[in-house]
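Right, one structure below, let's go through it.
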């Protein structure tokens, strides 16, 4: 029974092998004939300056040789020959694999005119194309593919600037309540009453991440409040530059609150750059110090839940904020309040209550209106098949 | 000097960075690469500050025989063990190749510690979902349902429970739909919001309106 | 009476204990789980089976130890399948730790009984070319010249001295590409470059998190076969008829998943019962 | 024998970290401290060899200057030996900024550390301004502009639009607007639930890896 099945399998296998091999067999017999004739040459060779770059590059395009077929294993690809126009000698500068119809010569000298031939190579034989019309490389002052980005940046940037200016002139602005930020006062107050520490975790990224910058700015506001309440603040950090930035910020905040004497530099201390080493250290601090309040503001990765669950376990009030979409669910699950994405960046303005900063929030809202309008118009136009509006937003 | 220069520096560097995005011409073409390298160099210098701080606080603890001081000693020993191995006993630049002393510490101490710390998430994910996935309000119910179906849809049991349904309507399909459609919509809203928030914060920092870090209040 | 109130706030250590037990016990059990074969894994297996003996398979190991529980079993199954069918294996990695994972997988395969007397020969039946930095650029470079991209193998031997590498120039010399991927760079880049640009035939094994991102490539035919996460590993093992860790791990994972679901249900049940009582009291 | 020893160390450390789940204890404290020390040292060495040495010392030629073998010629050699201004001389600025950062150690002139800080903050502000607008705003927008020809597209568009409305700050969430914002929250909640549920599986597999190490690699109980 079993052997019968095996025999059957063998039969199928031979069949499959035959089927698979037959084209190669045929191809081999064919190629035996054409090993003596060179491949058909490439046609329609054009060369032009590669757009939107810092020069030194010429794009070469061609129509591939009719002998360039996936089943022809002898066809080796193309060699790019270059000569200075009009009378230079052709020399190889680059090569391109079989199937290619475009390549770049990245070793061109700006302002020099070049002409190109493409050599199709099969086995030991080859054939050259006609020379291309001359081309020279240049540097560009503006990246034309990014004009949509420029317009978008200008619209949103100017809207923000406009409202910052208007706020300066004293026009009152309404900003809706953000629950997580309303709770900051209460959270700091509670820690003061309980006589326990407040932890501030500015994320695990360095200061060159804008989320960390946003976190440290929020720290500035919180630290001022802490100084006013005369509570205790501890900030374990995972990056040295963040430590420096936090120290500058907190010192300044204590100074502004009129309590420079209460500032303790060692309360802002470095643990380690390593993500999970830092998580292990902070977890240890949390269970030993039992802070009343923990802030998580900045860029977080997988350690978010490790920290937040431990904080939750000891019963701290936790206020989180991050723009890492993947970590938001964990903070939402384990913290009392979570600033979602954009709210993290709005927090500093919100807490400062400075009109200029609040004005920038209004500017952001204008950006939202623009985006909503773009979606609305785009969807309508697209639905009626009038125009593919989406392509206007394609980036390069 | 103390206040003005940093503000000015922030503004200039910020604008140059924005401009280089639109200008391929020299010298703007090398700025991104150059600035990134510079920042990495600054960070590599700065790590001294952090490390010295860690060693200072730890040795103070040991010196004063503060609570838990032996653990502070462990920090110091651990630090010197790997740095000495890395700088002096691991062949210089090739310090990370397998077989070096540095690599031995990395593989047998660093890796199990970090992998286990990471693995604690398996427990925390369970306790957090037990607490958070409760139908207290309508919003919480949505959270619960989405989480519940996606979770079930990703193990064979989920499909087994719904095997009586035609293909394409089973739990794994529902989980896939939730991920691809409503989840995607929410993610997009969050991402667009973040973009606006970042643009606004960047502008405030570059223009010196927000000077908490760079210039003091 | 207070039973449900207690259920409302179970000590989290009880949950931890259940999760731990759910993960550990299945490793010692011999339960047969009905594993339905999904079409993606079937095509992956078929793609291997259709290769005639002597075909060259490029295996790209693009993952590191944290993702090993999901991908290592698939790597082992893939390697075993190749050696059993006398396919030649060329290993590379776009992740620094990838080639080391490959060596671990090879060790596991060769420690099996049926390889004792016919262990595949290094340099003839398989070769490990090691890691090359540069992410997707590596794939692009391989498209024009593999010897230039990997001048030496993992052990430092020049590629010209390795019999298996003779005549291998670019992707057209490989009959199949199998990518084990845990993120970037990974399957997405392999599809974009090796498949779209250089027309390689390719299948992939991915972590569960990664898999949905590459599903679309199956529909378009850019990927010939995909095995995702532990479930994929278990299916792949079932098809090859060798039950390894993927199947065992799958069982653990399912158990733990059910524990999480179970606690969610308990929490909600307790919540509704206690809330009902409170409403009665106040009403 | 050697592998038994190293596996045992790794196993003890693994158990030490897991023991934290029960409660804080001396073994965890030991593991935690060891981890902090070793990982801080790891990054310290790493930063030197990955950034400081190749990017600063090699580019400037300081490695060569201090007499290291096989060190490449740098910008300083080019300047003093060949009288040529090399592009890499620009790295001198980075070196100066780095030193300014280190001056933070001195209480008197520590304020100068704000300069490299300002440089870093400024360039990240510029970088993020552009890249987030491109990758988050523009390309998400591009993919949201879909024809209204299927239920899925409708849900996607409604979800994205109402989600954006939720983030609107300068208008009270009342009336129709408030209703839309409410729908936006619903979508966000589904998003959070789904991505939470989605990750559970991969988190479990991380732990399976450790358990397999303990019972398989170390104790040899699981084959």
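The chains carry the letters A, B, C and D, assigned in the order they are written, with residues numbered from 1 in each.
Here is the rule we use: a contact is a pair of C-beta atoms (placed from the backbone, for glycine too) under 8 Å apart; a residue touches a chain by one contact, two chains touch by 3 or more.
What you see is a predicted model, and the numbers here were worked out from it, not measured in a lab.
A.B. asks: Applying the contact rule given earlier, which two chains have the most C-beta pairs between them?
C.D. replies: So the chains sharing the most C-beta contacts are B-D.
A.B. asks: Taking each chain's centre as the mean of its C-alpha atoms, give the chain farthest from chain B.
C.D. replies: Measuring from the centre of chain B, the most distant chain centre belongs to C.
A.B. asks: Based only on mean CA positions, could you tell me how far chain A sits from chain C in angstrom?
C.D. replies: So the centre of chain A lies 26 Å away from the centre of chain C.
A.B. asks: What is the distance, in whole Å, between the centres of chain A and chain B, each centre taken as the mean of its C-alpha atoms?
C.D. replies: Computed value for the inter-centroid distance: 14 Å.
A.B. asks: Where in chain A do residues touch two or more other chains at once?
C.D. replies: Each of 149, 153, 156, 207-208, 210, 213, 241, 244-245, 248, 270-274, 276-277, 280, 309, 325, 328, 330, 332-333, 340-343, 346, 361, 364, 368, 371 in chain A touches at least two other chains.
A.B. asks: Identify all positions of chain D at which a residue touches two or more other chains, and write them in rising order.
C.D. replies: Within chain D, residues 17, 20-21, 29, 31-32, 35-36, 38-40, 42-43, 47, 101, 104, 114, 117, 120-121, 123-125, 128-130, 132-133, 137, 141, 143-144, 157, 160-161, 164, 167, 188, 191-193, 195-196, 198-201, 204, 206-207, 209 contact more than one other chain.
A.B. asks: Which positions in chain B touch two or more other chains at once?
C.D. replies: Residues 18, 21, 39, 42-43, 46-51, 54, 111, 113-115, 117-118, 120-123, 125, 127, 129, 131, 133, 143-144, 147-148, 151, 154-155, 179-180, 187, 190-194, 196, 198-199, 201-203, 205, 213.
A.B. asks: Help me check something: in the complex, which residues belonging to chain B touch chain C?
C.D. replies: 98, 111, 115, 118, 122-123, 125-127, 129-131, 133-136, 144, 147-148, 151-152, 154-157, 159-160, 176, 179-180
A.B. asks: Can you list the residues on chain C that touch chain A in the complex?
C.D. replies: That would be residues 12, 50, 52, 143-144, 169-170, 172, 198-199 of chain C.
A.B. asks: Which bits of chain C are touching chain D when the two form their complex?
C.D. replies: Touch list, chain C to chain D: 13, 16, 19, 23-24, 27-28, 65-66, 68-70, 207-209, 229-230, 245, 248-249, 252-253, 256-257, 260.
A.B. asks: Under the touch definition given earlier, write down the residues of chain C that touch chain B in their complex.
C.D. replies: Checking each residue of chain C against chain B gives 10, 12, 15-16, 18-20, 23, 33-36, 65-66, 100, 208, 212, 229, 231, 250, 253-254, 256-261, 263-264, 266-268, 271-272.
A.B. asks: Would you pull the chain A residues touching chain D in the complex into a rising list?
C.D. replies: Interface residues on the chain A side: 148-149, 152-153, 156, 173-176, 207-210, 213, 241, 244-245, 248, 270-274, 276-278, 280-281, 283-284, 287-288, 325-326, 328-330, 332-333, 340-343, 346, 361-362, 364-365, 368, 371-372, 374-376, 378-379, 382-383, 385, 389-391, 393-395.
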